[in-house]
Amino acid sequence: MYNIAIVGASGYTGGELLRMLLNHPEVEITDITSRQYDGVEAHKIHPHIRDSGLVFKDKKPSELDADVVFTATPHGASMKIVPDLLETGAKVIDLSGDYRYRDTAVYEKWYGIEHTSDAEAVYGLPEIYREEIKKADLVANPGCFPTGAILSSYPLVKNDLVDRIIIDSKTGVSGAGVSPSQTTHYPNIADNVNPYKISNHRHMSEIQQELKGFEGVKVSFTPHLVPVIRGIQTTSHSFLNKENENITTEELRKIYKKEYGGEYFIKLMDEGEIPHLSSVRGSNFAHIGGFEIDETGRVIMLSTIDNLVKGASGQAIHNMNIMLGLKESMGLEFYGLHP
Amino acid sequence: MYNIAIVGASGYTGGELLRMLLNHPEVEITDITSRQYDGVEAHKIHPHIRDSGLVFKDKKPSELDADVVFTATPHGASMKIVPDLLETGAKVIDLSGDYRYRDTAVYEKWYGIEHTSDAEAVYGLPEIYREEIKKADLVANPGCFPTGAILSSYPLVKNDLVDRIIIDSKTGVSGAGVSPSQTTHYPNIADNVNPYKISNHRHMSEIQQELKGFEGVKVSFTPHLVPVIRGIQTTSHSFLNKENENITTEELRKIYKKEYGGEYFIKLMDEGEIPHLSSVRGSNFAHIGGFEIDETGRVIMLSTIDNLVKGASGQAIHNMNIMLGLKESMGLEFYGLHP
Amino acid sequence: MYNIAIVGASGYTGGELLRMLLNHPEVEITDITSRQYDGVEAHKIHPHIRDSGLVFKDKKPSELDADVVFTATPHGASMKIVPDLLETGAKVIDLSGDYRYRDTAVYEKWYGIEHTSDAEAVYGLPEIYREEIKKADLVANPGCFPTGAILSSYPLVKNDLVDRIIIDSKTGVSGAGVSPSQTTHYPNIADNVNPYKISNHRHMSEIQQELKGFEGVKVSFTPHLVPVIRGIQTTSHSFLNKENENITTEELRKIYKKEYGGEYFIKLMDEGEIPHLSSVRGSNFAHIGGFEIDETGRVIMLSTIDNLVKGASGQAIHNMNIMLGLKESMGLEFYGLHP
Amino acid sequence: MYNIAIVGASGYTGGELLRMLLNHPEVEITDITSRQYDGVEAHKIHPHIRDSGLVFKDKKPSELDADVVFTATPHGASMKIVPDLLETGAKVIDLSGDYRYRDTAVYEKWYGIEHTSDAEAVYGLPEIYREEIKKADLVANPGCFPTGAILSSYPLVKNDLVDRIIIDSKTGVSGAGVSPSQTTHYPNIADNVNPYKISNHRHMSEIQQELKGFEGVKVSFTPHLVPVIRGIQTTSHSFLNKENENITTEELRKIYKKEYGGEYFIKLMDEGEIPHLSSVRGSNFAHIGGFEIDETGRVIMLSTIDNLVKGASGQAIHNMNIMLGLKESMGLEFYGLHP
């Protein structure tokens, strides 16, 4: 049994870590921290988790004694505590944006925060960086939009098939977090579709980093809030480069199958099947489909994930399993909630 | 390992049985039947269940070789196959209404179907009939509304505190099943509340049977369809009889705690807590709260369940665990999906 | 043309007053006030109202020069400005709870605010108090829950048919107002049903006042938040008194027809028809149905209104039309938005 | 007063025509036809429209005596009755796809139906074809997706600024019509996002016709069903051609303002404003915004319409007003339903 601590456990990603880790056979949660809810029982904030016996504590990094620490802390806050956590000997999985960039200048440009930590991190997308994650002490868990976007288009980029990608994403509202605002006010969301930061969402830079956006591929991104609690549906519109303009949909399928065929958490849709949010709701699976090319040479790829699971806490546990040498799917084998 | 068959596996309760049983450590699903989808892979109908290897088959009861058979068949159809299934030596858990009534005349009145089977069944509400379920070969799994209604009010009736109960229930649309109709047409449900069968829903008779409705307590029931996928929220308005008109809310809590304190799947809310559908979404838990008495002597009790889990397939698996002598919570320990 | 001012125009009821009054043929909006948005164009807050030319101003009551003033101000705030408004010679329609009670002690008990104004008001439910409204200078516009509840049950009480009424109401989230909170946070509302203040919501006292709750009829009330933007669906469970226990559903219909037959905004459902929220969405109509009596002597009545229109701003305009001697339906004749 | 008939009045577009025309000051509805509901009162199908006195009749075109006939009939059915209707001397507005194409071969390719009518029609997008509509006897009312798509991008194409446009649209479920199916089954839609016909939806051809898709501009289209009753949110991703790669967002705004500045039903968003579905819900307005250019030279334009109003019945009435020489906005001046 491994001891686990969660720093900043009162938000949605904290709740999801609890939901899944409480049933994980090889870990024990020893600490959940919260400044705001110091002394409050976990189920007062996470009403689905009753009788866990867990209580939020306002603890410092140095007071934690865990094998693995998840930091579900805001951007900018993580880099202030992660170095201390690493010094305790713990492995750390950070769910903020702080360690996701190979070039901290990109981080500083998009997050508007000075980057002050030189801890080395691996980008925690297991399907791409599995070998690096195995050896890492610090994993930067990917953003929710980037997870869905990268998975849908990575094989196209890896194989140099396209020169332009437009990611049009539709996200559930839980991605905005647990704090209420006009953005998450029910009457503003229900029966509505709200595009936002249509040309300059910070996740665009994270997607660009992983899809060769800094090496010649033009990568654009526009997110939309839709009346959904959980889930990100990604539609990726890409344009074949001249060398590959005659590629067939069958060849596309083969390329994806080769890339993802062995991946437990990635399911490729058959012909005629569409990835739905409900198919992955509450689960760590990503469904990928599309594989169509229209008459203008546009490739359409689709993906669905649960933003709080594969897009956050589930992927973090997947990373933990890899870092600890456990079976990758341990504690994450449950299916989506359809309907 | 026990062999399991599901008859009529293409509906929502079939999908839920699959979702949960595929991760149950002590069972193996050997057959899933469907007349309509003979030869079709399970995930074509249940898109969240991929790579299970299961295929629908159009099999007769006598062709099944299972330790436990779940019959997720329509009312009237179950009683035609259950006797044959029992003859194969299987234990049977029937999810239809066919075997829920102690008095078949009540069934015939409310379902308008002649009752032609004399197989003996136990009403499968474990919190009330656990001992009988242990010895049963045939369990009649309770209806979804009755599960939420009975659990919310049973301690009041058992202790003869009230003489009238009005059950006002709000149900998610998955309760109407997998087949589309005007009733389930999105534009008719979204942003709407639709009461139906306001004085004569057949589940009223099932609730009456278990809440002494045939022994002097006046039990009424009105259901409402709300824009929710899963879940039944029950508000029970009861009236204290003269002998108990001075009972306090503290005494009420004690009575419920005594009745349900040891039950794994029942969670009693603390003061100030409200049961939410999200707290039990996708899980087999029932949350019970309320415990208030207003100035007119009305007792207000509340409960929430997932209609497809505690209200159907999860409770069926709970019954299976009891019938097989397994740990009751086996395969059902996952939490609700909040948010 | 009459000059109209709206005090506190930045909330939902303000937006609805604007939506309807801007197309009313006999009025002109001369002032919309807001402390918070002084100088802001109306459409920045109410995005559906563009090019109206209206701008919020932070004006005092004495600075307004209007024939009619709507006060869409919080409870407690209205009574501080209404006397000054009346002194300007304007007729006033107050949308807060401040003037709704015949006995200010009831107000003080339920609102926890000292009542300091002795302006005389008429309770603005036109179907009951039309004649008084015609002569009033100050109308207290009814609460949203009370409007739906009273209309559904008033004929039962007026004709002394019942001795107990339980009002079980389901409301859309716009009733909680324009300010975000955990209560209105999308992930907490969507796919959920949230009962609240189950035994002691302040609207219970307003309903009691109008349904003889202070004269012997036991009147109870429990509200529920449902995932709906607009609308209140009311289910009224009543119990026939001994003198009327043999009344028939046909007689019930006649009684309602006699009471409401001439009312423009009340539509009585035929047999087999259910009032839906969508039938009245965005409109000032109230749909009333039910007319069933179950085997325990329970009468079930149903009503639907749009909480922001018939439950607030539309009813306020209806009151204005009556006070000004205009055609009652003027500016309010549009139908509900179905689907 | 003009006499109006609606052929095929039992669907959503029929209901919307009724909702709006019943309050139109210059028309009287003389006939509403339906084969299926012959003899049924209108409000049994359109519950929001009560006491209209209208009854569905199964009438032939030649039996109608109207100044204007709206044909809300299926694709393929319209062209069989429109010539007969024109012979009665009526002006006809057809809401199907039958007369939308300048080249019937395109229609036949995408609709798979032989085109057998040679009646001449004008494409009824008033903002582009106003002068032609004034003189037309037959107007082909545009499709819902095309209305939102064309309006969002037409100024870009008219001014030859872009060489490629990707239309990514999100539509409410009422666009699928009044008949229930798996596609519209509540549990499949709620909390979900469903892309469909991702590379080959027939509306792509209609969009291409109007956005120079057959004259060199590459126009692609992918629709998504979102959990919304009404509304289409369009995100248009376009790529500036070489001649215009340095255009500024200010210049973009000017171009749109020049094109649409005088249009009653088009509202251009200010900087920082996003078009919402709620802003136009139930109304005939189109909100257009975006006006951003990202670092890859992608232009992002956004539009929102109500698919049943500006995308169907409201635009049809707008066309009627133009054809009859009435004030264009007559009967259509009501605002959207926000929230």
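Order of writing sets the labels: A, B, C and D. Residues in every chain begin at 1.
By definition in this document, a residue touches a chain if its C-beta (ideal position, glycine included) is under 8 Å from a C-beta of that chain, and two chains touch if they have at least 3 such contacts.
Bear in mind the structure is a predicted one, so any value in this text is a computation, not a measurement.
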item	value
Label of the chain whose CA centroid is most distant from the centroid of chain D	B
Which of A-C and C-D has more C-beta pairs touching across its chains	C-D
Centre distance in Å when chain C and chain D are each reduced to the mean of their C-alpha atoms	35
Between chain C and chain B, distance of the C-alpha-averaged centres to the nearest whole Å	38
Chain A and chain C, separation of their C-alpha mean positions in angstrom	45
Residue list for chain A, restricted to those that touch at least two other chains	12, 174, 187, 190-191, 227-230, 276, 278, 281, 339
Chain B contact footprint on chain A (complex, rising order)	12, 15, 19, 22-23, 46-51, 174, 190-191, 229-230, 267, 273, 276, 278-283, 285, 287, 333-339
Of all residues in chain D, those that touch chain A in their complex	164, 166, 168, 170, 172, 187-188, 191-196, 198-200, 218-220, 222, 224, 226-231, 233, 235, 237, 274, 276-278, 281, 290, 292-294, 296-298, 300, 302, 304, 339
Residues of chain C touching chain A in the complex	12, 173-174, 178, 180-182, 184-187, 189-191, 227-229
